[in-house]
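To start, the structure under review is shown below, and the notes come after it.
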Amino acid sequence: MTDTKKLLEQVKTGELSVDEALLQLKTKPFEDIGIAKVDLHRNIRQGAAEVIYGEGKTSEQICEITKALREGGCDKVLITRIDDAKAEALKTAEGHVFRYYEAARLGVIGDFPEPDGKGKILVVTGGTSDIPIAEEAAVTARFHGNEVECLYDVGVAGIHRLLSYTEQIMEATVIVAVAGMEGALASVLGGLTDKPVIAVPTSVGYGTAFGGLTALLSMLNSCASGVSVVNIDNGFGAGYLAGMINHI
Amino acid sequence: MTDTKKLLEQVKTGELSVDEALLQLKTKPFEDIGIAKVDLHRNIRQGAAEVIYGEGKTSEQICEITKALREGGCDKVLITRIDDAKAEALKTAEGHVFRYYEAARLGVIGDFPEPDGKGKILVVTGGTSDIPIAEEAAVTARFHGNEVECLYDVGVAGIHRLLSYTEQIMEATVIVAVAGMEGALASVLGGLTDKPVIAVPTSVGYGTAFGGLTALLSMLNSCASGVSVVNIDNGFGAGYLAGMINHI
Amino acid sequence: MTDTKKLLEQVKTGELSVDEALLQLKTKPFEDIGIAKVDLHRNIRQGAAEVIYGEGKTSEQICEITKALREGGCDKVLITRIDDAKAEALKTAEGHVFRYYEAARLGVIGDFPEPDGKGKILVVTGGTSDIPIAEEAAVTARFHGNEVECLYDVGVAGIHRLLSYTEQIMEATVIVAVAGMEGALASVLGGLTDKPVIAVPTSVGYGTAFGGLTALLSMLNSCASGVSVVNIDNGFGAGYLAGMINHI
Amino acid sequence: MTDTKKLLEQVKTGELSVDEALLQLKTKPFEDIGIAKVDLHRNIRQGAAEVIYGEGKTSEQICEITKALREGGCDKVLITRIDDAKAEALKTAEGHVFRYYEAARLGVIGDFPEPDGKGKILVVTGGTSDIPIAEEAAVTARFHGNEVECLYDVGVAGIHRLLSYTEQIMEATVIVAVAGMEGALASVLGGLTDKPVIAVPTSVGYGTAFGGLTALLSMLNSCASGVSVVNIDNGFGAGYLAGMINHI
Amino acid sequence: MTDTKKLLEQVKTGELSVDEALLQLKTKPFEDIGIAKVDLHRNIRQGAAEVIYGEGKTSEQICEITKALREGGCDKVLITRIDDAKAEALKTAEGHVFRYYEAARLGVIGDFPEPDGKGKILVVTGGTSDIPIAEEAAVTARFHGNEVECLYDVGVAGIHRLLSYTEQIMEATVIVAVAGMEGALASVLGGLTDKPVIAVPTSVGYGTAFGGLTALLSMLNSCASGVSVVNIDNGFGAGYLAGMINHI
Amino acid sequence: MTDTKKLLEQVKTGELSVDEALLQLKTKPFEDIGIAKVDLHRNIRQGAAEVIYGEGKTSEQICEITKALREGGCDKVLITRIDDAKAEALKTAEGHVFRYYEAARLGVIGDFPEPDGKGKILVVTGGTSDIPIAEEAAVTARFHGNEVECLYDVGVAGIHRLLSYTEQIMEATVIVAVAGMEGALASVLGGLTDKPVIAVPTSVGYGTAFGGLTALLSMLNSCASGVSVVNIDNGFGAGYLAGMINHI
Amino acid sequence: MTDTKKLLEQVKTGELSVDEALLQLKTKPFEDIGIAKVDLHRNIRQGAAEVIYGEGKTSEQICEITKALREGGCDKVLITRIDDAKAEALKTAEGHVFRYYEAARLGVIGDFPEPDGKGKILVVTGGTSDIPIAEEAAVTARFHGNEVECLYDVGVAGIHRLLSYTEQIMEATVIVAVAGMEGALASVLGGLTDKPVIAVPTSVGYGTAFGGLTALLSMLNSCASGVSVVNIDNGFGAGYLAGMINHI
Amino acid sequence: MTDTKKLLEQVKTGELSVDEALLQLKTKPFEDIGIAKVDLHRNIRQGAAEVIYGEGKTSEQICEITKALREGGCDKVLITRIDDAKAEALKTAEGHVFRYYEAARLGVIGDFPEPDGKGKILVVTGGTSDIPIAEEAAVTARFHGNEVECLYDVGVAGIHRLLSYTEQIMEATVIVAVAGMEGALASVLGGLTDKPVIAVPTSVGYGTAFGGLTALLSMLNSCASGVSVVNIDNGFGAGYLAGMINHI
């Protein structure tokens, strides 16, 4: 039964007055703390623990939001795209335990849940320089209850390196392909597997790599079927989506 | 056991001579018909019936390839991005039954299989003009054994139209969001569901719609998690991927 | 009182059953005719007669939608971006009177209302080639009950032509500045008036005019305050917005 | 009566000699201080207090210009896009009282006037990171005599947050929609109200957000009518224009 | 003595009434024929015969404007960017003699004047395909009273071809360099002469020539001093400017 | 001994007068036929038969140039980027034998020479639609005396197809990699061979393939060493360069 | 008589041996100092004192080059795009007197010559922030013997400021129009004068000003004739070209 | 005989067990050190010593990889795109001798081999600022056993400088053309020689040089045949490829 219908039924039976119902419709799903409308129900609505996009927010703002979340009953929070200073501020804030994944620029409040997804997520990178984004994807997926395996520096210029991991590739439920430069990794992986490939272009490269744009365009035009793409350097998004697919 | 290992075992036991094994490694997975290397084993390797990308191929080339496929034992073929003339040529070619989906610019040889996926795929469009691309996604998904539901013209400018279908949105296993112009549909859908949203930017719009580029960029920057993107007007890719996810 | 509150009250008092209320929330604001969800309440919700974006819709689809609108009680319809063939189809469709504005590529069902806005809208063009877009803006504004004056071919290369109309410029409530090429008209107008200037870049020009992109960028960077911009060749949008401002 | 006509009459009646008139035409409307032609009459010509664009000007230049303005009788000045160093210089300059809005990077000389506009301006942001640009819009509007209300962090990914403020949205005379990333906020707001929406794309985001370009393009292609756009991060321009519309 | 001053003197002496003077200021410099404000005084103000930009104007509009010009006393008119149909219409229009330069897409009413410039203008092209744009420049310059010499197909890939014309290059007063593809001609010419080089990028080329954009960028970044650039394919602009410089 | 030195020696010994020498320096290397400076010595200077870029030249111009070449003693001519009409005109022109390669849009006057290069050139395509550009490369290379082998439709999405031709790849002296869409073929080939790979991006693809730009960018950013790139669809350039390398 | 001819004559008469002549052809026009080929004859060949592009060269390299120039007899040198550190190094280098124009980032060795051009060059800016680029143009022009007048902060948003300087504008021989943002200044100036306008787009602005690209595009599409454009922020190029035109 | 075939033979003869063979196929060609799959066989497969792309890798990662290489028997390593800090770390790492080429940002472990290529590679730059990229190419080529000659600052603006080196240009086996700004050097060199020209666009320039994009586009559109292009500032790639060609 949808929420709206349930509410209407409660109004009819008198369980809720009209004004109370109206109030509930308007105010319950989030907490207004001025600088943010903190979403307390997303874990119900979206089946996920809460995530804060850390870039562009001050340390103070992030701490305020995590506090509101905690007070709202949410004890698992992932904070993305933070730097050392913000991590330090979160570490010293009271009331929670905090781990900082420096390479991935991620902060985590609360423990990782037991993996309960369908299978394994495989995170693959073209080169060594793509590892930070891959880590962002891997930590995000683990945070949302997935088993994750990583395979780094197997770019297509030495195709034999990639081919020697065919078994792992075949066994994964979802693959996250992280690559900069010409981003060809996604196409080759897409041709080797019959599972979804989530391609993450990275800003690794120079000149006409255009900060990841070339990898992005390359991935969007993959001649392999089953490949979809997220924003440049969006390791979080790929890890989140991979986890979602792994839990269908 | 991997194919390579099995082959090596057969070589050892004498079942295969070295040259035969080498030959097999090299020649079996496809048929070389000059203009194309027709892939006869992809349905084994990728778990999918065969697909031909029709654009840039002549009617003759397409017919040659379908013939080679049929002779190779493949009786279900999807041909994408064809026009009326190519459809006509395929219709009159001997040896197969052919259906043409004009709006979707798709041709199908063979019947649709019984849906055997996990749930339902929901294909949603922002406007009426996005329907052809949505149909491409829907037919592709049905061709690969999925149940598909369509919801057209529910763009965000009249958000109440979209919200009145909340139930369908909640129930889908995967959502394909097809929209041109500013492409905001993907973000709103992404916020309403906890299932993967595959966003298809369309070339609907004018001026700074830039043939779908604006919708693409908008979708890549979706503030909702769980959204990934395929190429502009790539209804096929979205339908294929949705089916893949629905069969994990 | 908001609509939601009113509905809830009716549920409480028993005027509406829960299911009826739910139905109303979901189905009333539009008519689902398959290819489109026809919005019958926008004139209540947005204070405007109904508008159909004609590009990318077939003649049949447009006629179906206008018919649904007419049956829903809406007797004034504006159809944008149509060509001669679609205009012909609409002309011969039964049940309505239809006028076609060829230059502006607009079709109108129903009469223009009496102007009831605050003042006059002035539509200005840089050159003769910009007139079709200007006409689109002017007809749209008249359709929504505004008095409109037009001033064509007063581009900044001969600044004396523009300056000789200072009085009309000063007297307008809102100005729509339509220009291609370098689009400087918007800046000069913005400096001469203290009323809002809605800038419409046009695709007039060649080479690095880039189909209106240069005019668009120029207008977005206007050194005059009070200038805002709509999409390239979006005469409709400018006329609609000008009318909105003129009716505040 | 226009200024030119009045002058010509004075010449005829002998009140002014030809040379005096010529001089007046040429020199009166501004003060030439070398580095700038300080406009002393804009508040007559444009109905606004004076504004200085602070970026690219040195502290010395800004102080020189404000001094010239003050000596020309202008006691309300808004200085945009300044940093802490320039704010400090302005604070310690003699002869005026100065307030600095750090987040908005604005400096104000003189008090805000009593609001005398038609209604309320509503400034809405998609996220917390958009607040500085929103504040620039809000302070600018207040500086020009408008009542302003702010609604922050109600982006479309959690559409329920936005919908719970429907009443405020409906009541505003003009809405300023401030958003980065995919900028879908403007479209959804445009669909909910029948008042003008001024969209401000912000540079919030990363990768293909392209420093606000994606939000800009998205807003220009809004499928909702009544939306116009200003330059990326141009909170000032939006606040100024909103005030202009609120005073028609 | 400036026009404004003369007018003011006439008002003072009573030669003109105030209203007459005002009228003159406003209406004399052009003729308003609805679709255009035809400029009758530009040949006084700008020292040039009149030019009509033919693209985007209908045959009827062009004929109306030339008629208004002729009635206003202007007997030399250049019409740019016309096609065969418009040329035919102009040819058959009464009251003037008309020549059509098909390759250059130019029409001319009236005879070329005797050349009275300082020296010779040299128009150079990189290849054969650039000739139409070069002809547009050459005819335009001749129309404005200049002696013009042409040197075609001397692109830099065979530098010896260009170097064998060093004398002509040295003797020219102004050089118009017309080239597509990589546009290197302008740089090499700029290094060989101490006279201004006006570079005209053409849309000759394919792929990453991007319709002339590459040539344009190349010319803007010329390592030779003395090179300036006009719009892609703007032979008219280059010929006009060359003539202007040749008459200083 | 350089040409310049030889000439100077001849002047010294009296074999040539000063004016004759000057004349020779200036006029000999090409024939001026007005629309073109026909290069008669390039086959000496560049070691190649003559090539005419056919696009943007009329049939008449091409015939005039081939006639001048033939009269200048050049009996092998390659004409690129022609269409059926131009081919027809060349076929019927007197004095030469002409073959037309329709798919490659190439015309050839004269026979192919015996291959005298070092080894074999291998031309590889990603798909069937890339064949025309590959043919342009192959014919060009054969025209310049090279042995050429072709391998079509071995794109990276089915990497096994490509890998089964490892021997041919290993044996080639130079490889021309022709691919559209994401252009990953060049990288994979570059990783498999230690010979130069000339990458030709093609305009095959749609949407964000951007007419070959994506393939171009991808190839420029190849993570494999030994890959260089030519313009989009520039099969001629690749074939020419491959032949050059094969003849070092 | 050309240089080549003179040399050949000297060879014939025995004044020069063949080898000496060859040597002269090769080595005289410049001095090879390893890091640079210092051009000692450009002031003969191009009629200008020598200019060094300072960006991307180290202080040491610049000093080496100026020393080579001085030793080659060149006593007037302009060094562009230097910073304080390089200026300091040049100041303390022995053997020359050096002045540094900080705002313009220019260094000058030697005195300005007496102006000997035809008339006055007028340098105009849209705003205060454009002054550094304008100063670069002005100093460059003075360095090459021109009289220069400057008119700053007369952008088109307050068109009356610009119009009050009509006399100066009319009297100039060449105008340099320096503007960022929307760059409309060039068009308005182009419409007011019959002399060449050299437009210099500046990187002043933000967001979609795109570092001067918008101003550049706007200037290239000027609806006024007689406008040509140089690279963004290229004050030097504009000043140099203006001086060239002023000396024809 | 291919590696796969040899392996299969060994399996047949019993020299290798199936599992050993499988292991070899999978693990031998590289060493997995976690952060990288270190390629130990590339010098066999690609005929080159090993190269590490230094950008985006930490000093620690680079040292780990060089250690693995050394232990794998590779005693010649080139590390590209490193800075002073990484160079310092490599210098102090034990077990190898290390030289740092600061301008070229290259580090070299091991001695240069004796040149054994066919002829000489000529590296040419347009200006002094292009030297670092040219040095990267030169050192790379020498590292791979080539004789290299350099010719700096011979850009096309003073074409006589370039022409005086015609002999060197004619004698080279391969030419590397390094230029920024408008990149015309490649075209002129391509026209002077009949050997391959590898064009390297550099990021030298400002404004519309767009960090090397203009030079790149210019080089891709070279009207001279025999020119191919590598990524912006990719001196390494050009030097590597030049060496490859020089060793065919």
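A, B, C, D, E, F, G and H are the chain letters, set down in written order, and residue numbers restart from 1 in every chain.
Just so we're on the same page, contacts are C-beta pairs under 8 Å (C-beta built on N, C-alpha and C of every residue); 3 or more make two chains touch, one makes a residue touch a chain.
Since the model is a prediction, treat every value here as computed from it, not as a measurement.
Participant: Average the CA atoms of each chain to get its centre, and name the chain whose centre is farthest from that of subunit A.
Facilitator: E
Participant: Just to confirm, which listed pair, C-D, E-G or A-D, duplicates the contacts seen in B-F for more than half of them?
Facilitator: Copy of the B-F interface among the listed pairs: A-D.
Participant: Find the geometric centre of each of subunit G and subunit H from their Cα atoms only, then give the gap between the two centres in Å, rounded to an integer.
Facilitator: Roughly 38 Å separates the two chain centres.
Participant: Subunit A to subunit F: how many Å between their CA centres?
Facilitator: Measuring from centre to centre gives 49 Å for this pair.
Participant: If I count partner chains per residue in subunit F, which residues reach a count of at least 2?
Facilitator: 4, 25, 127, 158, 207-209, 213, 216, 220-221, 225, 231
Participant: Any idea which subunit E residues touch subunit C in the complex?
Facilitator: 25-27, 29-30, 34-37, 39, 42, 53, 55-57, 61, 65, 81, 201, 203, 211-213, 216, 231-234
Participant: List the residues on subunit D that touch subunit C in their complex, please.
Facilitator: Listed in rising order, the residues of subunit D that touch subunit C are 2, 45-48, 51, 118-119, 166-167, 170, 173-174, 193-196, 198, 216, 220-221, 225-231, 236-238, 240-241, 244-246, 248.
Participant: Give the list of subunit G residues in touch with subunit C in this complex.
Facilitator: 126-127, 155-159, 163, 181-184, 187-188, 190-192, 205, 207-210, 213-215, 217-225
Participant: In the complex of these two chains, what residues of subunit C are touching subunit E?
Facilitator: Counting only subunit C, the residues touching subunit E are 127-129, 131, 152-154, 158, 160-161, 164-165, 204, 206-209.
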